[in-house]
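Each of the next two complexes has subunit A plus one more chain, namely subunit B in the first and subunit C in the second.
Our next item is the complex of A and B:
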């Protein structure tokens, strides 16, 4: 075999993903956002292995402590360690955010692709989207959680029941923007030559969608994924804040926040940690999305 | 344009009916029983009669129809009676709250001014702050002001009101002691001093709500200004010797406002939703607090009515936005 010639240094050909990564690196806020988001996820999921105080352990003699060496974030009114509770709470909040986002994303993508690809489905599906967009979402979420909390808790147990309920409720009330964006992109893609070419060699509709359409609408889907995580985390916290989220002894960031507001006058610093965690997560995810949008847009890339 | 408006108005009727039916069916599944609080000593036949009195005995579609009649026919009559002093609604059954045993709309009318005061002021303040920020950061793109503005709006997006609320309470009520952190809904504005008290208690909720509005609208304003600043007509305006102030504030601004105005119209109902949380933080006894109370008390007629009012607001805001867009931008043609 002959030696393969090394690619010429003057024109380094990079793969599409390397190109995207290169552009993404240029956006300093996005890079920082990604690092912070990964750090938060790491702390929340690996942290409890290192910081072994049980989040539900009640040490009534050590209650209401200020931050110190034994309890870096202090303790609450029952002497539970705030750092441990923050990490356990973060697991729930981030898990809710990710799963709700995945549900909303898949719903939105399916509806968007169907509406964009099949002309007969376009009208009804888009009217459905409009209908969902006109719904007052927060009141409906509250009503849904209130109505189905009992019955789902009895089937799946109090924690997983409410988890399923909140994820599904957030998922089915936040797929609409994704569906609209995806539909718009699919409509434009459908008229392109490569789709015509694929069709002319006898590709089936399913093959067309999975091989040619979906990879091309991946970038708007990924951008709305990041926004979806942020939205889901905020919504879950809002529900917990209004007293309609997870049960009281089950910490999430929103729950910790409302528990702390009761002691606002005496221990104002307690509100700070959960609020900071929520805001930092959402902020980092938003910056991440901002950077992704720029990196995935070939018109901006290379500038 | 007129036909388009009429068509949209007609189309909004089935939308609203569907939404109303959806909410009704969702509530129909409610496991809670309004009779749960009645003592056990009350005999079953009396309980059955009480159930009838609440209108619970009849099948679903009859009750939905009755609600529709009450909301769209009887309540407007009550309103006309109230304004003109006529007697159309005499003896007709209104939507009764299970919680207060009084008409739902009466409670809504009592609570609405509180919400409108706080939410309305916050929205106006938010828009007024957002527009100059958006204009200036677009004009000086990538300047320090623009970078700072971007960062602040990102924060406004990311920090939920249930965190900024307690935060401003800690800073301004607990530490500095400037403002009260519970909104006094019974406060009457009679003279200058009581007006100052009202102003003081409104500042914090307005601040929290306005931050959200400002974040969104200044982003839109900036993007819209940036789109227009590079257009050919701007170069023409500069070339014919117009001053920079006239170019930016008259030529560019007027064109950039077109999408922004529709965004402002679209955002109005959303701020009512956000107000639910802010009202909870500051104990404002508004319509959001009423909704939360009704949800917790299983007061289905109130929940249905208030949720539907929100839906009506959203549908009409969407309609207004679309029509405004057509009116302001002559390039948009609705057929």
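Our next item is the complex of A and C:
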């Protein structure tokens, strides 16, 4: 049965991906965003192998240094190297962003598809979505940190424990927009002729969802994914900014930013770097999402 | 001194002399004060907060105050009663205060001894929940033989009888105004609590809770030439950074309080030339408390109680090594600059109580610390962390969220790693950490960590109750709803006995000797590691004169003497 369906989905596949790439290339902002995002990820994850100063090492004699050859981004008030801290901090921030996004995305897509596809589930699932939408994120996170921090850090260690906590917290509080968008699209798709045709020849629900519905809602999912990364990075920064979350000596972009605000006047470069990194990442990811949406949408493609 | 300087000094004094002679009430316009924590009430009996105490001290006053050196100074009283002048009875069971004659409330009515007595009744009324109740402990009666005489009788001999009616915490309020606000009704009297009638240099004209207070000169103030200012604008809210800026850089305000900022930040603001940073040292000490109990969550309800001793911090060698590895001089320089002094004593002031027996801790000795641990059988493992019998030296180090404290944490973590001690840092929001909520696991009383760092001090100048904090009985535990001040759960019979003996010793010298001995016991047992003796930091505009920084009482204690300098 799969064999009989296969040609329809895969015959244009070679040229389809090429076409997507072609369309994506046309969007100059998206291309630039993608390049910058890849660059940032590369710097953050490969950089520490080349720039080997320990991000938490305190060299008290070298404190408050301006950018120079030994410390390209300068040092902070305890003499820790800002470049090293930026890279290590970026690893955490981006890892939190990506994982939380994946979690929110899978949750959102599953709930959206279920709600849109099965009429009986629609009501309860969408009310659940409303319920989650009305939950205030920060107080919820405070409670979660209070309740689960100790048990998690005793199982996974202080850093991975809080990582899991933050990722889960951001994940389960940001899947709702994805679920709503996906549900809307699924509702419309469900009534289309090709779905009816597939159903009439006896395709199971699972088959319908995986072969016909999901590929067609990929574009909104991709867009909310990219927006989700940005959102998660900002939430993590906000948490660190409030002094919640990771241990205080564990750098993240948000933590670097809050630590630097007191020195805003004397050493403006210290707020500049983490601020720039957060803004650049979020902006590039947003452009990336914009371009991907255009490229993935068959109706826009080729125009 | 060269002739030029002498001439300049003469010229200066000539220039100042006529100004002060001519000063009259209300001639200097308005003074703007900013407290970045906003007062919510003007009645110190209903609030434990420093901000409220200080705001109220503009309006209501005690019988005596502490001056900038911690000496008692008569305020509404004619003189400070002592055993020598007959004001305090030989058996130390009563004290007799004499009011200054001709004192008037700001509404024009006379101040009498019944007002003083009433202040005691108000604070100790049933169901009142007075915040300053400990000031009125052990009083059996307050007698008013005549209009200006007050006799306070105690249940037990009081070597230090200067708690009631002394200092910003225990001012005199007007009986006529607060008569109907006793006990449970106290918080409901909004008008009285916002607009108290006082004897101070100023009276409230408008009170907006948690925002702005405007005051004007009290027409009935006892010194006809004071205060020099006609109005006070007392602004609350914001943060320390903005408050410092508004005085030092923009000059919008004349006085800013409690500026907890890194020294280089303050210095660069001061460079703008609009104002001065001032500091004074009281009894505040930033210290690391050591937990003598096991905080393993598996212990359930018995977690953090003395039923379970700590696996390794009960070894004095470990505690000593932790102390030796810290460079207090460097910490203080980075965190507080001129507003801090490295210290090895938890009781660093007043001078007479300060011990010199522990000063060796001021020099960092990492090699020595390593040697002590090595000799005590703590051996470095493959991961660089010392262990003995399967117990690893791994420490959870908590404090409140504050940039300076996090710098301290990072530095100390590095030093401890050099002696083979692993440290996990945790910072907790200050309102949770200091919140005393028995339901939260993160309070400094519950102390579910191996070590914790914060600052504490004591009011006034007598350390008896402060040193009693580390009696075994004072330990926070489930039975006390986790209240108490003995955070380390330090239990030492000898200490308890000595500390209790202080209540019956009268002479200042002997009391000081006991206090020093108590301090040395704590220090040599390494029950806590004092780091920095902290000053209070404030800033005032160059156009404001007469400010005398006082850490023993309200910072606004001498606001009547403040003047405008042009």
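By our rule, the second predicted complex is superposed on the first by the 284 of 303 C-alpha atoms of A that agree within 3 Å, B and C clash if a C-alpha of one lies under 4 Å from a C-alpha of the other, contacts with A are read in each partner's own complex, and residues count from 1 in each chain.
Keep in mind that, in the parts below, contacts are C-beta pairs under 8 Å (C-beta built on N, C-alpha and C of every residue); 3 or more make two chains touch, one makes a residue touch a chain.
Fair warning: this is a prediction, and the values are worked out from it, not measured in the lab.
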Is A:154 contacted by the first partner subunit B, the second partner subunit C, both or neither? second
Contact-wise, after the overlay, does A:247 reach subunit B, subunit C, both or neither (first, second, both, neither)? second
Looking at subunit A, does subunit B or subunit C touch a larger number of its residues? B
By the touch definition at the top of the document, which applies to A:43: first (subunit B), second (subunit C), both, or neither? neither
Examine A:135 and indicate which partner it touches, taking first as subunit B and second as subunit C; both and neither are also allowed. first
For A:106, decide between first (touching subunit B), second (touching subunit C), both and neither. neither
Given the touch rule stated above, what does A:279 touch, subunit B (first), subunit C (second), both, or neither? first
Can A:203 be said to touch subunit B (first), subunit C (second), both, or neither? neither
First (subunit B), second (subunit C), both or neither touched by A:265: both
With both complexes overlaid on chain A, does A:216 touch subunit B (first), subunit C (second), both or neither? neither
Which parts of subunit A are in contact with subunit B and also with subunit C? 146, 150-151, 242-244, 265
Residues of subunit B that touch subunit A when the two form their complex: 15, 18-19, 22-23, 26-27, 29-31, 154-155, 157-160, 162-163, 166-167, 169-170, 174-175, 269, 273-274, 276-277, 280-281, 291-292, 295-296, 303, 306-307, 310-311, 313-315, 318
Would you mind writing out the residues of subunit A in touch with subunit C in their complex? 56-58, 60, 63-64, 77-78, 80, 146, 150-151, 154, 158, 242-244, 247-249, 259, 262-263, 265-266
List the residues on subunit C that touch subunit A in their complex, please. 241, 261-262, 264-265, 268, 297, 330, 334, 401, 403, 406-407, 409-411, 413-414, 424-427, 429, 440-442, 448
Within their complex, subunit A touches subunit B through residues 130-131, 133-140, 142-144, 146-148, 150-151, 230, 234, 237-238, 241-244, 254, 257-258, 260-261, 264-265, 268, 271-272, 274-275, 278-279, 282-283, 286-287
